[in-house]
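First chain A sits with chain B, and in the next complex the same chain sits with chain C.
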Partner chain A sequence: MHTEIRTSLNERLADTARRGNRRDVTTAAVLMALAVLYPLLGTTFQLQLLTSGLITGMVAMSFSLLAGFGGMVSLAQMAFYGMAAYVVGIGGHDMGLPALLTVPLAVLSAAVLAGLFGLIAVRSSGIYFLIMTLALLQMFFGVAMQWQSVTGGYNGVAGIQAPEVAGFSLGDAAPLYLVTVIVAAASYLGLRWLLRTPFGLTLQGIRDRPERMRALGFRVQLHRWLLMVLSGVIAGLAGVLGVYYHGVVSPDVAGLTASLIVVLSALVGGVSSLVGGLIGGILVTVLISVVSYLMQQWFGTSHYWTVVGLIFVVVVKNFPNGIFGVDARTRRVLERVLTRWTGAGSGDGARAPAGNGTSPQTR
Partner chain B sequence: MDAALKLTGVSRQFGGITAVSNVHLDLEPGERCALLGPNGAGKTTLFNLIAGDIPPSSGRIELFGEDITRHPVAARVWRGLRRTYQKSALFDNLSVAENLFLGALGPGGRGHLTVGRSLRSARARWAQVEHTADMVGLSGHLTTTAAALSHGERRQLEIGLALGEDARMILLDEPAAGLSPEERATLTGLLSGLSRDCSLVMIEHDMDMALALTERVVVLSDGALVAEGTPEQIVDDPLVREVYLGGGGEAA
Partner chain C sequence: MPSYFQFVLTLMNGLTYGALLFAIASGFTLVFGLMRVLNLSHGAIYLLGAYVGYTVSRTVTDWVTAWLPALGGVGWVAGVCGAGLAGALIALVLQRLIRGVDGELPQTLLTLGLAITIGDLCLWIWGGLPLTLEPPEAVSQAVRIAGIPYPGYRVFVIAFALFIGVALYLLLFRSQLGRIIRAGVDNREMVAATGVDIDRLFLKVFMLGGALTGVSGAIGGSYLAFQPGTDFEILTIALFVVVIGGLGSLLGSAVGAVIVGLIDSFGRAYFSELSMFLLSGTVILVLAFRTQGLFGRSVERG
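Here is the complex of A and B:
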């Protein structure tokens, strides 16, 4: 009897994984094909907007990684982004080092900074962790602002030249867009893979019941710290892309506004999913751009934050788990609508909802 | 042979209150011991001291001959010490199999990372998960989420989490809390079936169950150890009747 259960469990697990993987691979292939082919159709402005959205989305993903899988709400992600951006700016522009050297160094520096912040921050949790990361963000801002001889102070570093990849300059919209798509997709897939390993399961356990995990012999703080370093790497990658996108880096990258846009992106996408961060980043970037354009057109003012803020209130109120972590209620409504549209017999829309939307799904 | 667990003059004060006072205890490997006492006697505090959640104010704790008084929680776990909680502390979002997987993954090393190393050994861990599920009678529920289990099954899983293959000493905090008589019988069967390679210390209010499962009973009152003996001796001890059984109550 025991063997019977064993084979059936193993088969069931393997079967589910296989089915899930096949569906995911198809979805990913379609999305990537669309994303890569987009430059053929889109305008330069649209490409730039998407690039900027994906970069914000990567930072939001690093935020969701910490919040959704580690229970750590960090406001310091833009400091890691800024660290990488400054290393590329100072190393590449001021010191004339090649990108082949500055880029790895930038990501490494972001990881080291996250590691240092983590040494202090992982000892606290909840609201204290948040306040701690806010303080660390402000420290980074202060140093960037005041260490003028190195960082250029208020003005930062400007005129940063993007390198060439395979003969295409990353200073041009389409090549930078493509590289950003590839880096974002690779980061997402890498994290998704990692979170499905025992390491990911451990992180979920630590998020839900740290004291029990300790009593099971896990090194809770070490795992938290590792997650923090990992999030630093992702934010650092975004920082490298960001500095090539903007061509400048100033203390504002680690300002409160920039950090809030990241948090909002993660919330809109849903902190319980990684891909939510990416999508949220694009949505928020596009939204800000559209709203500020319309405000300018209709009212001749650049006060777009009020409108954007209102939209966020509505989104957060109606989609508490983000538009990607749609809760069971909304899902049911959506399914009913879909079933009606596609006809009751199609079956696709009537499929039972998977998960309850509260637990992070590794997608 | 070294004692499985040896407490020498262990005390713990919280401000002016003495929760555990000068406790001496010597447990043989494989021994089953019940810890009795009225509410507030310091039983769970004593567990927390042994498990390392709080340090003792004075005294010495030895596990298999090694002084662990100042060791952190995880270091004690690596040496074979496990515990369960009075109120089930399960991973509600995860399946039974994943819960047990974490139970099997955690203890198997010393300060390991779960990256890489555990990927290679995952297959062995899953085999262990199925073995443990079998032991605690949950093999039919491996893919059920912990939140969907009945109270009795949750208590079984709570114990399953502590049953790593290298567990040598398990502290059970009221394993039968809130169980029906039938569920109690299941749990008693489960616990009596555990390997003698592993010592058990059990806080249990159900005297029948505690006395059926153990060969030694220790009684705590106001943080102090007031009686110690075989179940028969304890049931007949007039002092124990007074502090715990409330005078002339019939226990067994």
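Here is the complex of A and C:
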């Protein structure tokens, strides 16, 4: 009986998942081709902008993974990013360890930190989860700031050299860009695959109906915790790329502005979409660059955060589901039309809004 | 006995800081208790209050001393009032913005955007150098506590916090408005159903919290230097206070403020690099055993 319910639930979720499948694959393939060929035409500045955007996008993706697929809105993602960045910085620069050692260690540390944070945070949900993760982010910031003998305090670790891969230095724009594209794409595809497995479908079930899933015998807390660790790994990978991109790491990585960029990217791309996080990251990075340029041109000032903060307010207020996330009502209408056209289409009654502003799409 | 001296001084500093933290955290926790919105621009309002207080206080002091040098302290009082006004004004804007947004999480995220904007505007207007307000002579005479001379202004800060505590207690537990607020904390829908305009109620509480935070900015900024980045620091420490004390509880924020103030003070004095570990460790310890904080009620609610 129990397994029966479980299987039928899984099938239903899998069916929902399959529907968005083909469109996503096409989009991803086109984007990938464009991305890999881009260094042939792009200037160094554009490549750097894209690299930085993709790195932000990966953190946004880890945010969306938690928010859109676990119903957990976490502000701690930049702490995992920072953890990996500090491990690379301290291990590689201060202690002179090879990148082959520091990079896996960095990602592992980010995962461990996410695991520790998760032990505390997954017990709460909704707004309380956000508060816990914010408190944890601030702890990371405070420790990075004060533990000067190890972290370098306010100035952090500077002058971090990027390693060489196949004869190309990651300190150069094009190789780092390509590696970033590959890591981002691999993370995205890996997550996509994972979300299609019974594990991923269970997660979405937990997001939508935690009580029902608990009653069905799923281990809700454990799944939430595993998702948190997974998001730590993704943010950690971004942290490694980020520290090679910037060459420095300071407590600012875990500041409020850094988190604002991540959340903004995820919102712009649509919290319920993983690839949206990557696209959002690029869009927001370009947007910030444009705003910064215009503020300099028009007002002769470097205070572009004033404007970016207001843009953030407008986005949260008017597009809570992001540019790629269609809002629930439009979706319902679209689905009705599609069902009529195709004639078939399975029932949609199983899905209900998560009730926290992230629309429960399966994409 | 320098160690005794240091101990008493550290203790007093901790209590003073705790007193200031209570004033900061009480508005924060009240707004959360009523609307389940965590105001992430709380630290920015503190910083703005400090800056506005600084400018108003200097301007008014310049005017007044030109005519009546004996009334120089009036400038500082005007600065504190200006800071409160600025805080209430920001809270008003924030409440208008939040009203049209659905759900506690997007509402909370929205306040993050405003926090960044206010922080950057402050940097734009007042620059990046650390500043302090100058409190009037009347409250800054040194007093002797346990045989040790101690800055009188810090004793004033403690008195200020006690005053805020008593005033908030009277407001919440002895007035009609307080009854409605407390009822709103327990069950917002039910209060709205009885005909209370919950939007207006929220606006009042929000503006009260904003004014309190702005005033705290000017009061705190009169002995702790403030600069860009202070907003994040204050948000952090206020969050720690309410997380330890229990979100939405006034008593909790009082106890949490004293705990955090003492740990911070002793941590900085005796283990300067590890004071954040100590503070974080306490927060984690409290959360591990009591997710809802020391005086909070069930966390899973709402």
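Just so it is clear, the second predicted complex is superposed on the first by the 286 of 363 C-alpha atoms of A that agree within 3 Å, B and C clash if a C-alpha of one lies under 4 Å from a C-alpha of the other, contacts with A are read in each partner's own complex, and residues count from 1 in each chain.
Assume contacts are C-beta pairs under 8 Å (C-beta built on N, C-alpha and C of every residue); 3 or more make two chains touch, one makes a residue touch a chain.
Just so you know, these numbers come straight off a predicted model, no measurement behind them.
Visitor: Is A:M213 touching the first partner chain B, the second partner chain C, both, or neither of them?
Guide: first
Visitor: On the superposed three-chain arrangement, identify whether chain B or chain C touches more chain A residues.
Guide: Of chain B and chain C, C contacts more residues of chain A.
Visitor: Looking at A:L226 after the superposition, I want to know if it touches chain B, chain C, both of them or none. Which is it: first, second, both, neither?
Guide: After superposing on A, A:L226 lies in contact with chain B but is clear of chain C.
Visitor: Now for A:Y38: first (chain B), second (chain C), both, or neither, which partner does it touch?
Guide: After superposition on chain A, A:Y38 lies in contact with neither partner.
Visitor: Per the definitions at the top, what is the overlap between the chain A residues touching chain B and those touching chain C?
Guide: Overlap of chain B and chain C footprints on chain A: residues 358.
Visitor: Write out the stretch or stretches of chain B touching chain A in their complex.
Guide: 51, 53, 73-74, 77-78, 82-83, 85, 89-94, 97-98, 101-103, 105-107, 109, 111, 113-115, 118-119, 122, 125-126, 130, 134, 139-140, 142-143, 161
Visitor: Can you tell me which positions in chain A touch chain C when the two form their complex?
Guide: On the chain A side, the touching residues are 73, 120, 123-128, 130-132, 134-135, 138-139, 141-143, 145-149, 255-257, 259-260, 263, 267, 301, 303-306, 308-313, 316-317, 320, 355-358.
Visitor: Can you list the chain C residues touching chain A in their complex?
Guide: 36, 38, 40, 97, 100-106, 108-110, 112-121, 123-124, 232, 235-236, 239-240, 243, 247, 272-277, 279-280, 283-284, 287-288, 291, 299-300, 302
Visitor: In the complex of these two chains, what residues of chain A are touching chain B?
Guide: Per the stated touch rule, the residues are 2, 5-6, 9-10, 12-13, 194, 197-199, 201-202, 204-205, 208-209, 211-219, 222-223, 226, 358-359.
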